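Multiple structures follow.
Next come two complexes, and both contain subunit A; in the first it sits with subunit B, in the second with subunit C.
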Partner chain A sequence: MIQLKGVVKEYGNAKNKEVTRAVDGIDLEINQGEFIALLGPSGCGKTTTLMMIAGLLKATKGEILFDGKVVNQMEPKDRNIGMVFQSYALYPHLKVIDNIAFPLREKKVPKAEAYEKAKNIAKKLQIENLLNRKPAQLSGGQQQRVAMARALVKEPQILLLDEPMSNLDARLKLDLRDEIRKLQREIGVTTIIVTHDQEEALAISDRVAVLDAGKIQQYDTPYNLYHKPKNLFIANFLGTPPMNIVEGHVEEQDGRQVFAAEGVRYMLPQNREVAKEHIGCRVAIGLRPNDIRICESTENTIPVRIELVEQLGAEQLIKAKPLAGDHIIRIVAENEMKLKAGETVSIRILENKFHLFNLERNGINILS
Partner chain B sequence: MSKKILKLLVVHTYMAMLTVPILFMIVWYFMTATFNSYTGSFSLDNFAFMFGPIESMGIKLPAIWPIVLNTLVYSFTIVMIEVLISVPAAYAFSRLDFKGKRNAMKFLFIMRSFPGVTLIIATFFILVKMNLVDTYLGIILVAITGSLPGHVYIMKGFFDEVPWDLEWAAMTDGCSRFRAFRKVILPAVKPGIGAIAIFSFLGAYGEWFLFKLLIFSDTRLIIGGYIAKLITEENVIVDYGLISALGLFYTLPVILFYIFSQKIFMKVNIGGSKGV
Partner chain C sequence: MFILPFALLTLTFFILPAIATVWMSFTDLDVKMKPNFIGLENYIRIFQDYSLGEILQNTIVYAVASLGFVLLLSLIIAISTQYFMKGKTVATGYRVLWLIPSLFPSVVFAIFWKYIFDPTENGFLNKIGMHLGAVDEPVSWITRYAMPIVILGTVVGSVSSNVILLSSSINSIPEDLYKAARVDGAGEKSIILKIILPTLRWPLMYITITTLIGFVSSYFFIMLLTDGGPMHDSTTLALYSYQQAFQLKYYGYGAAISMFVVVIALALTLVLLRLFDFDALVQPSRIEE
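What follows is the complex of A and B.
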């Protein structure tokens, strides 16, 4: 088990004594054999966190524990980690086979055994026909496999992957993703992947830690992240096309609660009403484009005018504006519906699929 | 006639115009060395220096082979010292954080572009005070002070090119920092080490000024200083045939070295990770 307790990393700038906090108090627990992802926008501290786990950077504050033992002072070489870098970082002067055997040779594994193991792992990753090439003679995808093999050959306790697929084309990415997942299951190595590709993170990992500004915003299963976002940041960050966020407030009317915003009035279902303290606060409603239906005008629907219809292939994306408002609402609709720009239609919000965030309390989700 | 041929023609004419004078000088140089200037016939008399001490127009030259040995010892010592100092120093400048690094870098830069000759009188007096005049130690110190900053600078450039990822990868693969340096970084900067080794060698091999100034004993001369003896106080070259022959003897190894090593240098490639 890997534990991070209140880990902080500050980068000093010797010239003007300025300090930047790249990681700002992270708590994280990763179980044996688990596959987790660190996900977040560029510069949020993902790589920094990974490097601290690898021991390549020293934490400014906080503790990192492997199986209950504090490892803050342990050298990277003693941590038994396999790491794949974004650039792959293959040793350019060594042939592929020597690259893969390198970690074993450093561990003083006898030559014959080291090369035997290197060949086995190469076979597993389908690169046994490349063993005598130099890294410069490989394609990106092949280099990635070699890097993977080199990380796995020493049977590490932890596998760290820093954006391992960001240099590959979309198709190859998908294949490799499944392969990595399969391999990880097979070997059972605890794995942390850093990525800014949310689809990749959600698809590949058991749990995802979403980072922003050096802090973990939510650490949860992919399902919960998508369906039960803890706050507005998570809701906004995950999902394509992105969630619709409409700012307004909740008010009481005839004993029922109503979400009201410019051009939008939506009576909350009785089983999903908010606590009294949120009434009158600045509140945003979050609606996934897939959770809105276009329908006949009936009770509790919102009239909108279609501004734009975009083909997504399997479905169509509608951009519409409430008749009495000026914000765009994105709606995903089936291709069978014949919709045209300029048309006025009504939309219905799926009763158990909307979220409310209190903007006066850091956008916390007040319905979950 | 196509544009391409025209272009080639222009380029070649231009290059020929530039190289012909140089070629002419080289040919002339060979001729002066191998023809007797009075009789105009082919002769190797000028190469008598290879077989023992000689005297020409009143200037005595000792046997050359001990001097050749001196030259090699001196040059390789300089190469060794410069490589051994500049490689670790450049690594530190490129990758370590230490106090005073910025100022040290600035100093290095100034030293690199400073014309050392302007300090030569002071240097001479310092060496006299330290009893280092007419010793190899003294001349090596002076020579290295002059060329080391530049070489550290060049070497630093090579280290800067090596991605951090490579070093980190080695460290997670079980290397200590030092071992990562030896096993991964050093091979990656090999071309750089080769380059500064050659620069140092050529610098040392071609040295004559410092020898003329700081070395008085004929037994400690190197070839450059040896040839310089043929130039009198009044800046008159006393024997053109002899000096050309000596020059040929002096430059031939370097030219041969260039011809044979140029292929290797062309092949040298740095870096290997894609996509950075």
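What follows is the complex of A and C.
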């Protein structure tokens, strides 16, 4: 088990004594054999966190524990980790087979045994036919496999992947992603992947830690992240097309609660009302484009005018504005619905699919 | 069309002098300026010259020892400043320090060495030595250690440009490579042997060839410092050719010796290119299936 307790990393700048806090107090627990992702926008501290787990960077504050033992001072080579870098970082002057055998040779494993193991892992990753090439003679996907083989050859306890697939084309990414997951299950190595590709993170991992500004915003299963976002940042960050966020407030009307915003009035279902303290606060409603239905004008629907219809292939994306408002609402609709720009329709919010965030309390989700 | 001026320039400044030298080496041109064609006589004379053995040996000792020290020192300085102390101001400052000798004209630099090793009690080394009681009376350093001092001066003067070349190559190694190596359990020794040195293969080849040829064919610095003395103790082939041609005015014979130097330099280059497996550099790096 890997544990991070209040880990902080500050980068000092010797010239002007300025300090950047790249990682700002991270708590994280990763179970044996688990596959987790560190996900977040660029510069949020993902790589820094990974480097601290690898031991390539020392934490400024906090503790990192492997199986209950503090490893802050332990050298990378003693941590029993395998690592794949975004740039693959293959040794350019060594042949593929020597690259893969390198970690074993450095551990003074006898030559014959080291090369035997290197060949076995190469077979597993289907690169046996490339063993005598130099890294420069390989395609990106092949280099990625070699890097993977080199990371796994010493049978590490922890596998660290820093954006391992960001230099590959979309199709190859999908194939490799499945392969990595399969391989990880097979050998049961605890794995941490750093990525800024949310689809990749959600698809491949058991749990995802979403980072922003050096802090973990939510650490949860892909299902919960998507369906039970803890705050507005998570809700906004995950999902394509992105969630609709409409700012307004919740007010009481005839004993019921109503979310009101410019051009939008929506009476909350009775089983999903908010606590009294949030009434009158600045609140945003979050609606996924998939959780809105276009329908006849009835009770508790919102009239909108269609501005734009975009074809997504399997479905269509509608951009509409409330008749009395000026914000765009994105709606995913079936292709069978014939919709045209300029048309006025009504939309209905699925009762158990909307979220409310209190903007006066850091955008915390007040319904979950 | 546009190449013409350059072609003419090349012709006047490179090819013609070369042809002239070759031609001169087959004549008995001397101070009387009345050349007669004498065939291979100058070349035969080289091999009959009783100083040839000593001078050839000096040339080899001078070139090989200087090269060895230059390579070793440049590597040590480049690796320590660009790898071990990467990004530190001290490291850059230290490299700049080494640049100083190459900034001065070699005349100034030679005077500096002359002052250090001056045989009177006013010489720097003698002063210090006597002050510390290490020597009782002034030592004629240059007379006694002509060759080592020449080599020392040469090495100190040519390290900095090589350090710059090597440092920039080391600097081009991506940081991730070191990180990967550290995760893979590599120690500093493995990092230097398996990552840094292979990267420096081509710069090292370039340095070896250019400095070696430079050492074989240059004489100016030795001339200033010892003028080849005492006797022929620090005379190299190039210096000997200069002396024959310009001090003794045997232009023909001097030309023949310089031709000999050129042949040696060419031969060395070819051998070294083979040694460094130059073919590998010009081969395309990607194999298509």
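Here, the second predicted complex is superposed on the first by the 368 of 368 C-alpha atoms of A that agree within 3 Å, B and C clash if a C-alpha of one lies under 4 Å from a C-alpha of the other, contacts with A are read in each partner's own complex, and residues count from 1 in each chain.
What we mean here is this: a contact is a pair of C-beta atoms (placed from the backbone, for glycine too) under 8 Å apart; a residue touches a chain by one contact, two chains touch by 3 or more.
Just so it is clear, the structure is predicted and the values come from calculations on it, not from any experiment.
On the superposed subunit A, the positions of subunit B and subunit C overlap enough to count as a clash. Using the contact criterion defined above for the overlaid structures, shared-chain residue A:93 touches subunit B and also reaches subunit C. Of the two partners subunit B and subunit C, more residues of subunit A are touched by B.
Contacts of A:364 after superposition: neither subunit B nor subunit C is touched.
When both complexes are overlaid on chain A, the residue A:85 reaches subunit B and subunit C alike. Look at A:133: by the touch rule set out above, it reaches subunit C but stays clear of subunit B. Applying the stated contact rule after C-alpha superposition, one finds that A:281 touches neither subunit B nor subunit C. In the superposed model, A:203 lies in contact with neither subunit B nor subunit C.
Using the contact criterion defined above for the overlaid structures, shared-chain residue A:167 touches subunit B, although it does not reach subunit C. In the superposition on chain A, A:143 makes contact with subunit B only, while subunit C stays out of contact range. In the superposition on the C-alpha atoms of chain A, the part of subunit A touched by subunit B in one complex and by subunit C in the other spans residues 51, 54, 56, 75-77, 81-83, 85-87, 89, 91-93, 102-103, 106-107, 134, 136, 150, 154. Every residue of subunit A that touches subunit B in the complex is listed here, in rising order: 14-15, 51, 54-56, 75-77, 79, 81-83, 85-93, 102-103, 106-107, 134-136, 138, 140, 143, 150, 154, 160, 167. In the complex of the two chains, the subunit C residues touching subunit A come out as 174, 176-177, 179-187, 190, 194-195, 198-199, 285-287.
Subunit A contributes residues 51, 54, 56, 75-77, 81-83, 85-87, 89, 91-94, 102-103, 106-107, 133-134, 136-137, 150, 154 to its touches with subunit C in the complex.
Of all residues in subunit B, those touching subunit A in their complex are 97, 102, 163, 165-166, 168-176, 179, 183-184, 187-188, 190, 269-276.
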